[in-house]
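Chain lettering (A, B, C and D) follows the sequence in which the chains are written, and residue indices restart at 1 in each chain.
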């Protein structure tokens, strides 16, 4: 009986992720517009955009290679798998032994590498520009993310996400200074990876500043839809990862049905708060010059390493 | 099969390769025959070696004596788990490289293919002898022949001076390393009469002599493996060699240095001191970071891969350093884990690096270009090579489903599962070491995106790239063999780890084999499944499932209309290949962030130049800090010694007279 | 084959010994008259062949029946000097074979007139005679006379081209070697003085066998005094460093066969003489002073020679410095002594003679093809004639101690023995070997690879000697036949005592 | 009584060697060399007579023939035919050579004391002087730049050695003596042959022009 329940909860989690990701992006855009005294677009605007794009005709450049045509599906697959791995609705997931925290970061890196390769595939100036900047940001952000995960795994003596959640929820409530450092570092990495304001503006198409947008410049129609959907899935995955590591309470472990039902609203609430937080940070900060980004991310990296050092020093 | 001792099988392989080499020499003029028959034959022998390696990893230790060598110093020969694992990796690599060479050498080079065949087979045969050597004389004998034949292979195109210079540099540093090894083995076997490893193992050197031996071994094997101060020949020699040879060198000849360090530090030396491990770890990390940063700014594709080999060797040495550290503190389980990670990386690096080098070989053969600035868009003309290089690049950047990720994963696990070392200073080192390894991994991804993107994707930067032809049949077989190896290592790590468990039991007395075996072949669990687990097959299956489901849903729910037209590029009308990012451009952020890592000479065009020129030359800083001063000192000393030649007879007579007087005074005391 | 031959009766050995010594002596007289004829080189080679075959029988016999004296104690044969005599005869034979085409090319080039050909061939045989005499004689005085006459023959051979440089080289050689040998004479006189006290004034005070038996009674004070003079005297002949200045000029200016024989054999004979005296000295002075002196000379020679290698522009001069380095290494290991050290020294002596003469053969052909001895003008040998090119690659690789060849095993034994006996000296030794390796490989690869500036020759080069020597070195490197090994061990016992 | 005569001969030899060291003219240098040879022969004959050692007579005769008659003849003929500059231009001025000479004699004497004490032959006292002659003639070769004085220096060193041999051990075995004499004669013949070649090339016998060759 519990095997069916596990597969059901796993499937449910992935479906919820697929549906909720555009909602989350819509919610963040709404918050940002309100904070900037603008009338906000509806919550389901991203959904409509995806639907519109799926029905449009896909235009592919002549110089594109078969890799370009495969790449949207690979990235979409990576992001859905990432959302599947992160325990949002229950900790007993069949997929959890398949990949632990390091494999998750590797999975995100796989998605990113394919995105960069596809961007370079057409051979335009902006594609390669975007790819270089993306990889440049990535090689500083990924180590910081891994260090954050390591700080947490040193506390919970495990790198598998479900084990981390299980261990953190059953610990007495205590302040972990190393987790505090890790938290700040994680938010900085989240902003960098999801092309939010201080590192890259998600809405802009200004050649000089765009990183993520430059890479999906050449996509159109269903490919663009998949890319947008993957981007929002990525944001969703990062937020869920933040929740599992820093606010894991409320994620049920053994699968009794009403526990699952209760988890949904808790998750929605947490995501909403997360969305507000992101909107706040975005409106409060201005975009950094591209060569100021290394200092920003180096700061994140150092915070994460200090977090780990603090763990070794204070033992917590 | 049981009675056919594995030792005879290994001898058969070595003798087989020698025979192939010699008949290659005899048929030096028939290039097609050499390429089409001899190399595939040697690939077959390589398979046999791989199989024998795996079987003997699980089998018993076998020893025997070879009649050759000096009368009181015959060659002692022994197959134990460590050497059989390395034989297995050599088998895989040589099979792939030989298959590829069958296609590569079928065209006439300036050095006849028969001669290359001889030197190639002499080299791999001497490596086999090296791996099974069980006494200092045989070890050094095989070691020097390997260096000699590898140099001969590097200078195959000895027409142009850089190749000659690269060969000379390689041979010189290898030989100086060999002298250190001679000194190290001399000290090890100081009071044994036949320098056999069996009697060396009984010796109990004191701490000071032991440390001297360890650092001599580190220096000597480092000269072959390419650790930081001694890596200078690697980016010169590997690009100079023909591609299959640089594949063999990068994939396996570097690993003989690693094998040597393992043999001396963990097998022959009875005691391990913690700061040995600490220094090896520090050198390993420095080498890794230095290698990857320099490979990010290269503009020659083979130099880029050579520097990335330095990085991977650094990672392996870091793993070994860590295991020595743990063994010194008596934590045998953790030592076994980090040693398993290092040895796994030996195999995965051998697979993907040879695949990448072999890929560049095909590119070089069809376009004649090595400079990244003149390549691009080869995906359209060389699909087979491109897809193989894609898999190689993904493995090289350590991405999950493939082999590169598993070794990085195991290494990070060994760092994370430390319960904290008694020495507080080392506890500080662990996070910094983890940070460096993680940074190196990310940078490797950056390098591989640059490598694959600039060569295979985008638009061809030169006109002649349009008529580039894809790899030949044999070359494709070579690709697929190495791709299978990469993917196999990635998807079935449990079997490899169980083989490695035998090696760690031999060297450290403990292993993670039982933890891994407990959780079945599907799941890789170093300690307990709660602590960490990784199921590559499930990971890949679910990933593919998601992609396919997405593909089918999109295709069915929405109609399939696609139109081909010019690239959008934000509406810019004119579009040519020069607008793409060049290799220097792609490396520019790294140059910006890691400035002090290199010596850079840039000639910037001024506004008034009629013909503005922009030239940048990135140079390895160690030339200026370490190698040129040494050359200057030798020059200075030899000029002093030159003063003896005064060209006047009277002065020479004076020398004789003074020596006589001096000696007479000496004996009067 | 050896087993049957050495069963011949004992007094036949006298005849063979006579044959070994008489052939070169008579040969030199014959060639003095017929040296200019076309057939002279073949005659020269034939005579050397007879000498070699005779010395081979001699060696087989002595190894089988053990050491013994001949011709009323004036000649003494044991496995040490019969081994070096065999080696000398063999290298003499191969050098004669090599000098056939070499001299014909020189004659066509006009550098060798009829008179000079006669002088060359007769002096060549006389030189062989003096070396064999020095090796086989029992009397220390006759050994001195043989070495003095060897100096004179080489003097004539070195100045055979009559160029300004060769005359200068010959003059320098004459003065330095003359002084050296004179000091050696004084050493012999002192040795005789110490011996005369024990043996009375008659002739057998100079017989090595008697001295060897009575070595513990000899007066230590005088013996030390004598050894210093002998070491400096014969050290000059060997080219030990402070007294080495004549050797590079003699090699560079003389004809190449003479350089091959000079550095291949004459150095061995001088080293053999020193070894003979070292045996006596070790008996007389128990404090191991001779060993320490030889170690000092050896290390200094190796270091100074290797560091002056990189300054040389002339290929023969470079390899003469390499000979000085190897003589230094041999003196070093004989100085350390011990069973393994001496075994390694003998093996190294054999290997050095074989490989160094093979190198000089290839260098000779290469210089004739290039028309010059300056290394920067010789390019692309491998392209023009692969055989000479390969000789020029394998020879230096062998002399630098790379594995398949025998020099690697002897250097392995030398270094490991030095690590056990005298660890402080090993870094210096390895430094010397490293610098030599760096210089020689960089010069050789420049000469062998690249675009050819070399033109083929009229007479095809003699390849048998080069590849015969390298083949033997390869054989010693890979598998030491037990018969030869037993020969070495017996020679070691002669020295160790 | 014979001991005093022998010491006289030894002292005269030392004086002659000093004279040769200070001599400017080559012709008189040759004459001094002849006297030097005579001294050696005389001492050999005296020791032979004293110790009834017959073969010493033969070697004395041989030395007389070679060192007193043949070699000076060759050198004189050479000098006359080559009409070469007769001056000996020493590298170091004469007073300093004399000073160094004295120092060498002192060194030679205290070196020779331990050896002389042990030798039983009648003329052991003269070993110091013989050694001094060797060192002085060694010095003469060093400071001369003309080929003929260098050869004379070399030959006087041979004389010193022969004198040492006879004085210390009252004669070596005949065979060895013969060999030594033969070698010396051969050496001188070769050097004479050499001188002609040098003159052909450099038309003077100055060793200076033998040092042009760059030893690189």
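The criterion applied here is as follows: a contact is a pair of C-beta atoms (placed from the backbone, for glycine too) under 8 Å apart; a residue touches a chain by one contact, two chains touch by 3 or more.
Since the structure is predicted, the reported quantities are computational estimates derived from the model, not experimental observations.
With C-D and A-B as the two chain pairs, more C-beta contacts join A-B.
In this assembly, the C-alpha centroid of chain C lies 31 Å from the C-alpha centroid of chain D. Distance between chain centres (mean CA atoms), chain A to chain B: 36 Å.
Rounded to whole angstrom units, the spacing between the C-alpha centres of chain B and chain C is 45. If you average the CA atoms of chain A and of chain D, the two centres end up 102 Å from each other.
Among all residues of chain A, none touch two or more other chains. Multi-chain contact residues, meaning those touching two or more other chains, occur in chain B at positions 645, 649, 653, 664. In chain C, the residues that touch at least two other chains are 171-172, 175, 179, 225, 311.
Each chain pair that touches appears in this list: A-B, B-C, B-D, C-D.
In the complex of the two chains, the chain B residues touching chain C come out as 67-71, 73, 136-137, 140-142, 144-145, 148, 155, 158-159, 161, 164, 167-168, 171-172, 175-176, 179, 182-183, 185-187, 189-191, 195, 634-635, 637-639, 641-642, 644-645, 649, 652-653, 655-656, 658-660, 663-664, 666-667. Against chain D, the residues of chain B that register as touching in their complex are 645, 647-650, 653-654, 657, 661, 664, 668.
Put simply, chain C touches chain D in their complex at residues 139, 141-142, 144-145, 148-149, 152, 155-156, 159, 162, 164-165, 167-172, 174-175, 178-179, 182, 185-186, 189-190, 192-194, 196-197, 201-203, 205-206, 219, 221-222, 225, 248-249, 311-314, 317.
Contacts from chain D toward chain C in the complex involve residues 53, 111, 114-115, 118-120, 134, 138, 141, 147, 150, 154, 157-158, 161, 164-165, 168-176, 179-180, 182-183, 186-187, 190-191, 194, 197-198, 201-202, 207, 210-213, 215-216.
Within the complex, the chain A residues that touch chain B are 54-55, 57-63, 65-67, 73-74, 76-78, 80-81, 84, 95, 97-100, 102-103, 106-107, 109-110, 113, 116-117, 120-129, 131-133, 135-136, 138-140, 142-143, 146-147, 150, 153-154, 157-160, 163, 205, 207, 217-218, 220-222, 226, 291, 294, 301, 305, 308-309, 312.
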